[in-house]
Amino acid sequence: MKNKINLYLIEYAINSLLRQKLKNGFILVIFTLLISLLASIFFISNSIKYELNSTLKSLPEITIQKLKAGRHYDINVDIIDEIINIAGVEDAIPRVWGYYYFENSGVNFSIIGIDEFENQYKDSLKRIIKENDFSKNSNEDFMIVGSGVKKILDENYYKEYFNFIKPNGSFKQVNIAGVFDSSLQLEANDTILLPLKTALEIFDMEENMATDIVVKVSNPEEILTIASKIKLLYPDSRVITNKDIEMSYQNIFDYKGGIFLALFIVSIFTFFIIVYDKVSGLSSEEKKEIGILKALGWKIEDVLKEKFYESFIISFIAYVIGILSAMSFVYIFQAPLLSNIFTGYSMLKTSFELPFVLDFTTLFLVFFLSVPIYIAATIIPSWRSATIETDKVLR
Amino acid sequence: MILSPEVLTIIIINIIFLVFGTIAFILSLKIFFNWNINATSKKQYNLEKQSFLTATIIKYILFIKILLFIFFVFTLDKISNVLTGAMCAAGVIDATSYGIYLLLFKLINIYLFGFWLFIHKFDMNTKELKYTKLKFGFYLFIFILFISEIIIEITMFSSIDVDKLVSCCGTIYSNSSESYISSIFTLNQSLILIVFYSLFALLILFYFLKNDYLYLIGNLLFLIASIISLIIFFGTYIYELPSHHCPFCMLQKEYYYIGYFVYLTLFLGTFYGFAIGISNMLSQDKQKIKSYYKISMTFIIIYTLLVSYFPLFFYLKNGVFL
Amino acid sequence: MIKIKNLTKIYEVNKNNITTALNNINLEINEGELIILKGSSGSGKSTILSTIAGLSKPTSGEVIINNERISKLPDNFASIFRREHIGFIFQKYNLIPNISVKENILIPLIPQNPSSEVAEKLLINVMRKFKIEHKKDDIVKNLSGGEQQRVAIARSQINNPSIIIADEPTANLDKELSIHFIDILRELKQAGKTIIVATHDPLFFDLDFTDRLIEVSNGELLL
């Protein structure tokens, strides 16, 4: 059952392909483009997922939000004492955060209120607080902004300070005390850090309220149990675990990836038809060549094998070049235009670098969506050419 | 419904299989009912041409199917990340009632397609194309199972509910579970081991006797005994954990993908063992049959040595068994 | 020994377009004979050749070569028989122009996947015999007519077949090349090959080494 690979046949197949440089070159180029497009989308998606997962690691294990009429509402911080008493809870920290819509630029800033004396729920925040001394400016209202925010404010001539419009219509002037450059690039750009009191003021929230409460759990195995306990204690709250967030992100990515897959199917189908048509229409020259081969002793199976090698070589080369060009497009050129599909066309475009992520399943995936499909398209045309009635051709 | 790109890919390839498999089915019907090698009519000549198309399609399906199966296992593993409770492919299989049937169908179909290819090779080597009718009739049967597999696959993937809690392999493959798999564990561990090694010894005996039928049956029993003993006993030594019985986890990175070698050798060994039975039915080519014996026995020996290595190594390292 | 028994070939394009290419042909060709099939185009002589070579299946009747029922063999056996026993020489050579002489001659060997030593040996032998070894790496389209002719013949001989079939071999050649071809034919006959030539070139009609000249007309043999 095992025969050594017929190099002569492969060489013949390559020569045969080269004999029709124009037609085969055209197919190769188009196919390679399609594959690199598809592969690029998957690579970008994988990279963003990876980046997001790194973000998720710094997420709190449990987040508690108060729900009123099915909507997110301010939560009372008094419940913290009871939560801390639950076995396994390391800490419970209130968060004050929200969005501020800056009308002039049409963008949303993320606002996080910081209480320098309290525990921070994120390490990056801890660092920022250390670097920028919050206490020295405790008399005035000040803020520390992300680089993207600074840029927008500069554009709107807010160089030293900014005027927030409070919910009651009055202004609140806040000085820009510094700019931070968070290592987690997805967040840095649109974030403003304020002292807790200022944030509460801007959001018009009372002192003992918070946007949500994050719970730190030391043992990851206990997260689910503790989450359900909290839910029992406060039935009007929504309790989200970090696993929930992780899964929802994965689902969004798969969904988005799925859409492009659907689009890809359409193009592959079209390509299938083109290939079929091109390969089917045998010129009399091609027919003659096969007639000669058979007269010289080639079996139908040999002709089929040769045609298979031709298809495989073209589709596989397209696959390899497609993958390689996708890699350079995504990781060297950082995928202009395409990456916007995933991170949204926000004005404050995240300017982070796509990390290099190599996922074998993705390579397999792109393979299955390309090579077998191309070969399938050539099955019937190859068979037709291999079973030509030779005597007619040789006249 | 899980709409991951991997699942969509599998479904796309399945659709291609469906289309081409059906073409092959229709042609097989024509050939099965109308084939007459002695006829010199145009109809017969056309059938002869069409038999090449059918054979090509079936070869294509088998080749891609095997690759797809590996991809399928990878996909299950990936999906296990979004299913609550599932930590490896076993959980995903268990998430629906179809899972285990799908797996069985896939494996059986790979064997069947392989057998078809075998008969095909034989057929093409006869001057009268003796086995053509048989082979295409066989395909009619395979096609039914193949369609079933595709239907079950699509059904399974569409019915996976991301929110439903799923058992991890730890509970499925344990004495306490209620699944039918747990009935395996009611068997005595030592008994299974004795059966396994005895069958192995018998196979070696049959090998020297060169009795085709005994060897065939021996292979079948050996296959079943291997899977059971792998789950109950040998797996635990691969994982070095007496309660870890999952047959899927050994395919993962943590265990150096050893599972692939284990299953590959088992498959190849038994496949060639079955092939001997088929060869016996079709022709009496002693040369070919001898080589199949060799191949089959080699892989079976490798498999047995491979799985035996783990408990032995563990014992030598630790002085005790689990 | 080639035996053709009651060979009939009917082409049916559709119900109204039916051509009887061959009608109940009976012929026996002995080993080592040179047979010239004389007839105009459409007479059926090419069809006889392709049936002998197993390239065409008869509507009825059979072709038996050396006790092997060629007409009944399935494709792969017929192909193997063809490459081992039959050498085909075409009208217009039908070489692949953009590859070398060596690669062209190699083509019949490709499906057998011989080792490179065996292939090399066979190639050198046949190229030497037909005197084109010195051009072995040249691209065929750059060769003269005579050289291409020798490449085509070498290709047909690489498997050392016992039967040679030539269909209108001189139809596109000038007189000089035609005579040259006949010389090669003479050599092959002397080597004991069985040769069947289908042609309407008068040069073949009174050769001194022809065993039989058979006229073919309207699908029948005029003996």
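Residue numbering begins at 1 within each chain, and the chains themselves are lettered A, B and C in the order written.
The rule is simple: contacts are C-beta pairs under 8 Å (C-beta built on N, C-alpha and C of every residue); 3 or more make two chains touch, one makes a residue touch a chain.
Owing to the predicted nature of the structure, the values given are computational and were not obtained by experimental measurement.
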| Which chain, with its centre taken as the mean C-alpha position, is closest to the global C-alpha centre? | B
| query | Greatest Cα-centroid separation from subunit C: which chain? | reply | A
| said: Rounded to a whole Å, what is the gap between the Cα centroids of subunit B and subunit C? | reply: 50
| message | Measuring centre to centre with CA averages, how many angstrom lie between subunit A and subunit B? | response | 36
| request: Between subunit A and subunit C, tell me the centre distance in angstrom, where each centre is the average of that chain's C-alpha atoms. | output: 64
| note | Residues in subunit B with touches to at least two other chains are numbered 52, 124
| What parts of subunit A, by residue number, touch at least two of the other chains? | 300-301
| message | If a residue has to touch 2 or more other chains to count, which residues of subunit C qualify? | response | 75-76
| Of subunit B, residues touching subunit C in the complex | 37-38, 40, 42, 45, 48, 52, 124, 127-129
| query | Of all residues in subunit C, which touch subunit B in the complex? | reply | 12, 57-60, 71-77
| task | Write out the stretch or stretches of subunit C touching subunit A in their complex. | result | 46-47, 50-51, 53, 55-56, 75-76, 79-80, 82-84, 86, 88, 90, 94, 96, 98-99, 103, 106-111, 113, 119, 155-156, 159, 167
| In the complex, subunit A residues that touch subunit C | 3-4, 6-9, 12, 15, 19, 288-289, 292-302, 389-391, 394-395
| request: Please name which positions on subunit B make contact with subunit A in the complex. | output: 2-6, 8-9, 12-13, 16, 20, 49, 52-53, 56-57, 60, 64, 67-68, 71, 74-75, 78, 81-82, 84, 121, 124, 162
